[in-house]
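Each of the next two complexes has chain A plus one more chain, namely chain B in the first and chain C in the second.
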Partner chain A sequence: MAIVAGVGMAAFGRHPDKTVADLGVEAALGALSDAGLQWKAVEGMYCGAAGAGLTPGTRVSALLGLTGIPVVNIDNASASGSSAFRSACRDVDTGAADIVLAIGVGKSGRTLRLDGGVGAPEPGTAEYRERQIGMMQGVLPPAGVFAMRTRRRMHEFGSRIEQFAAVAVKNRKHASLNPYAQMRGPLTIEDVLNARMVADPLTIPHCCPVGDGGAAAIVVSERKARELGISAAVRAIASQFRTPTLAGVMDAQDADTTTVTVDAAYAEAGLGPKDIDLVQVHDAFTVEEIEYCESMGFCERGQGEFAVERGEFSIGGRIPFSTDGGLLSRGHPLGPTGLAQVHETVLQLRGQAGERQVEGARTGLLHMVGIGGVCLVHILQRA
Partner chain B sequence: MAIVAGVGMAAFGRHPDKTVADLGVEAALGALSDAGLQWKAVEGMYCGAAGAGLTPGTRVSALLGLTGIPVVNIDNASASGSSAFRSACRDVDTGAADIVLAIGVGKSGRTLRLDGGVGAPEPGTAEYRERQIGMMQGVLPPAGVFAMRTRRRMHEFGSRIEQFAAVAVKNRKHASLNPYAQMRGPLTIEDVLNARMVADPLTIPHCCPVGDGGAAAIVVSERKARELGISAAVRAIASQFRTPTLAGVMDAQDADTTTVTVDAAYAEAGLGPKDIDLVQVHDAFTVEEIEYCESMGFCERGQGEFAVERGEFSIGGRIPFSTDGGLLSRGHPLGPTGLAQVHETVLQLRGQAGERQVEGARTGLLHMVGIGGVCLVHILQRA
Partner chain C sequence: MNDEPEPRPLVDGVFVPAGADGTAHLLFSRCDCGAKAFPARKRCAACSGTGVSIEEAPGEGLIYSWTTGPGETPRVVAQVILANGLMVQGYVNAPPAAVRIEQRVRTVAVPAGWADDGTPVLSFAFSPEEGGD
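Take a look at the complex of A and B:
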């Protein structure tokens, strides 16, 4: 089983003075230092980045020192960092390697464009039709999709926009306690309601910011952890990766893929929702945290927004979600986000999360989705 | 050990009427048909693509049918397809999966730009300095780098530009026998010498074309191959991936990484140069085939251009290189190139390469390098 021996971050925010590679080096050195390992001990590296320029992981590895190890650059859109973490866990799980580094990097000026990066798809092509018929999440400006999902819930469950705003307010409060978060200033329900409209009924604070940042985790085998005397060990007890199924896309696509992926992770870990102490969720839009909490089994369908309003997902509540501020306030530079979730969860499970500590946290669930409907779920547990 | 059960290609060339995803679907269906497998049997997929838009592999998997499998998109520049193939082999080798699809896709209008895709690096940053000091292959327009390497050899070994042109002529002759190749028209030494100059002494035919294309391979476990009754099986008996070492960059960077990687592959397979029947090499520029043949142990240093001139690397010669035309004439759409090498080698080892068949071929070596100096070497062998 894969042990997360160390985590590091380059704080999310605006860093015009730092390159993508600088952000990766900062996060990697943090993780190495946290694990008490030297770069030359690392046997392989995965880098998650979405449209962040030429092979950013290879640039990071060159700056850390030319040790000759394999470096795989993964671009799985928003789920890039989670994919890098999964590949690292898999290499260790299968015995292919003993010490693997997973990093994620992103810069707002270098992130992906929804038109595919180089021009729009050619009219008349399959790619163009895909977007027209709305099969993929990237079809409409994402805020439009999530505005419709929000409206649908308000219609179906009698919920109010204030309840969705409560997700943004809660996550900002969590972020205010997190030095690595991008958005830390105070935020009230009124602030959310009165902010500039993006896609009715979603104003700016309903949508995550895309900034600059880096995050990293060192994954080691159990044998190596014993050999190195690594204490306070956190284990990856489940790692699941799914794309949509035909049955799934007939309903709300991401939410359904989340159900399938989370259920597989619960089965792999031999756990259920009652065993989870905290959740990091893909809350790129406020309605997402609400949808996914239901897909994960923490709420009955149609109850999510009411549970948020009652404080059930706040630190100190029944099951804290997005304890570091989530995509909404910790920020979402695409590449590193999944690894920022690993960073936060490891700190929480070690009892090192300071003012935002979830008391007695032993097991955390991490969830990311990405364009094309990919979904990754990890469960980490304190030994 | 990983078995290559099927290969497929979308011919390299210009396909303005096809999307990146179309090219991937065509190659994938070819590989599935060749293996006698259905898409729903595939347990996981890796897609190699360099700057080919948003998660192209996920788009291909959606078009093949929404089966829910994990899809990892890898962008390792020119080595993307080889990296995807290695990840597929590793999943099968370690027992993580039994049937994995590796594909590569690329379109000339959507390929990477050497400035990083979104603007040039900021002056004063580490990234900018990296390029200034020339640490990475992407620093100068690549033709400039290889023009200097060519001149250096002419100075050091008394070789003539006609000998480098002989690489282009030989590989074009091989490509003329390959229906999947981009450049198939006749080419003479005089044509090469008289073509438009790119970077003195390199004219256009010394440099590979970047076009559109797709390539795919199905990798299965030995157990699954037996179960499916797959005959004429080709095994991946070595799979090595290296990045530069500090010692290596003090000399010619790529060539040295090639030596280290090829030596590791020989050791893994328990073979040496004498056991190899044909080679697919990263011949993006004519001088590369010459440098790498020496790094691989097929020639003494300084002898490569003389060996090419004598026909030793032609089909029918001592050790045929680039039997499908290589990057120089089969073409190099970046993402799929490494998998086109797998396609060609599998056909050769099965005795299905038609007019370009290397008689009695049993063992093939495949070599790709990519920006940042990454190097991948695979050795495939007929069972």
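Take a look at the complex of A and C:
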């Protein structure tokens, strides 16, 4: 089974003085140092990034030193870093390599166009027609679809916008204890409600910030872990990856895909929700943490926002979610986010999470979704 | 202007502008296997088949949920479940205060500017029924 031997991060935030590759080097060196390994020992590397230019991982490896190893660059939108981590684990599990580096990098300030182009598409092209059809269906920011999911839940379950705001407030409180987080200042329910509207009923603090950052993990085989003398090893006991099926084409596709992916991860690990001590979830918008906690089996459908309000997902609560601040406050530079979840979970399972430590944490669940319906779930466990 | 050309849809194959009753109809694809999609697909999402035909959707539906777009006077965008069960998304011809979930709407054609040759073009929107339910 793949063992996470080291983790590292370049703090999420604004780094105008560093290139996207510099952020990757910083995270990679952190992970190597944590594992007690040299770059020269790494046999292969995967880099997750979304819209960060051509082969960002290969630029990182060139800065670390030209050792000639294979470097694969993965773009799976928000789930790019999780995809890199999964690939590294599989290389180790199949025996293809004993030491693999997974990194994720991201830098804001680029306008992403899903069809890969820059600026507006040329009239007369297929991309132009596709965009016009999209505009006829309503021009919305990314928050738009989640705003509609929020309003629908308020209608179906009698919930209130304050309960969704409670996710942002909780995750900010967690982030205030995390030196790697992008948003650490105080945040109240009133602050959330009074902030600028993005897509009614969602204001800015209901939406994650997209900043700059890097994160990395060194994955090694059991044999190499013994050789390195790693005790209390953290193992990846489940790694599952799904894209949507037709069952989920209504408004809650990501939640449905999450249900399928999480169930497969529970089956692979031989565990259920009761065995999980903490969760890192794809909370790009407040309603997402609420919907996915239900998909993961921690709440009945329609109960998520009430559970958050009662503090059940806070550190010290029934099942802590987003202990590092989540996408909402730790930040979401796209590429590295899934590996920031690995970083946080490994610190928690080792008992090294400082003020935000979840007492006695042994098993953590990690979840990311990417635009287009990509969903990855990992379960990490301390020996 | 007397000689202004007849308006036409901004993009072909998305909807049929209003008939005599003022109702526009979205064009959706129906596969041999029964699966429906809007905008229309050439290859079915359910079975990957290409035995797909284009049909006019019913002009009536219910608002499933809604939000607002960007700007000084944000426009309402809604998810609507049409009478044939298909969920579609588009603008609503009403201010936020006049829109609610489960509201009955019908599909209408709305002006969407002019093409390069000066022809007025149309898009579609959902118009709340008079008098509510």
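Some notes on this structure:
Rule of thumb we're sticking to: the second predicted complex is superposed on the first by the 352 of 383 C-alpha atoms of A that agree within 3 Å, B and C clash if a C-alpha of one lies under 4 Å from a C-alpha of the other, contacts with A are read in each partner's own complex, and residues count from 1 in each chain.
FYI, a residue touches a chain if its C-beta (ideal position, glycine included) is under 8 Å from a C-beta of that chain, and two chains touch if they have at least 3 such contacts.
Owing to the predicted nature of the structure, the values given are computational and were not obtained by experimental measurement.
Contacts of A:Met148 after superposition on the shared chain: chain C is touched, whereas chain B is not. In the superposed model, A:Arg59 lies in contact with chain B only, and not with chain C. Touch criterion met: A:Asp22 reaches chain B, while chain C stays clear of it. Once chain A of one complex is fitted onto chain A of the other, the partner contacts of A:Ser87 are limited to chain B, with no touch recorded for chain C. Within the superposed three-chain model, A:Leu246 lies in touch with chain B and with chain C [touch as defined at top]. Among chain B and chain C, the chain that touches a larger number of residues in chain A is B. In the superposition on chain A, contact is made by A:Asp200 with chain C only, not with chain B. Using the contact criterion defined above for the overlaid structures, shared-chain residue A:Asn73 touches chain B, although it does not reach chain C.
Overlap of the chain B and chain C interfaces on chain A: residues 136, 138, 246, 249.
Those residues of chain A lying in contact with chain C across their complex are 123, 129, 132-133, 136-141, 144, 147-149, 151-152, 155, 197, 199-202, 246, 249-251. Looking at the complex, you find that chain B touches chain A at residues 16-22, 51, 53-55, 58-59, 61-63, 65-77, 83, 87, 90-91, 93-96, 109-110, 112, 114, 116-119, 121-122, 125-127, 130, 135-136, 138, 241-246, 248-249, 257, 260, 370-374.
Chain contact summary for the complex, chain C toward chain A: residues 10-11, 14, 35, 39, 45-46, 64-70, 74-75, 77-79, 87-91, 96, 101-102, 112, 116, 123-124.
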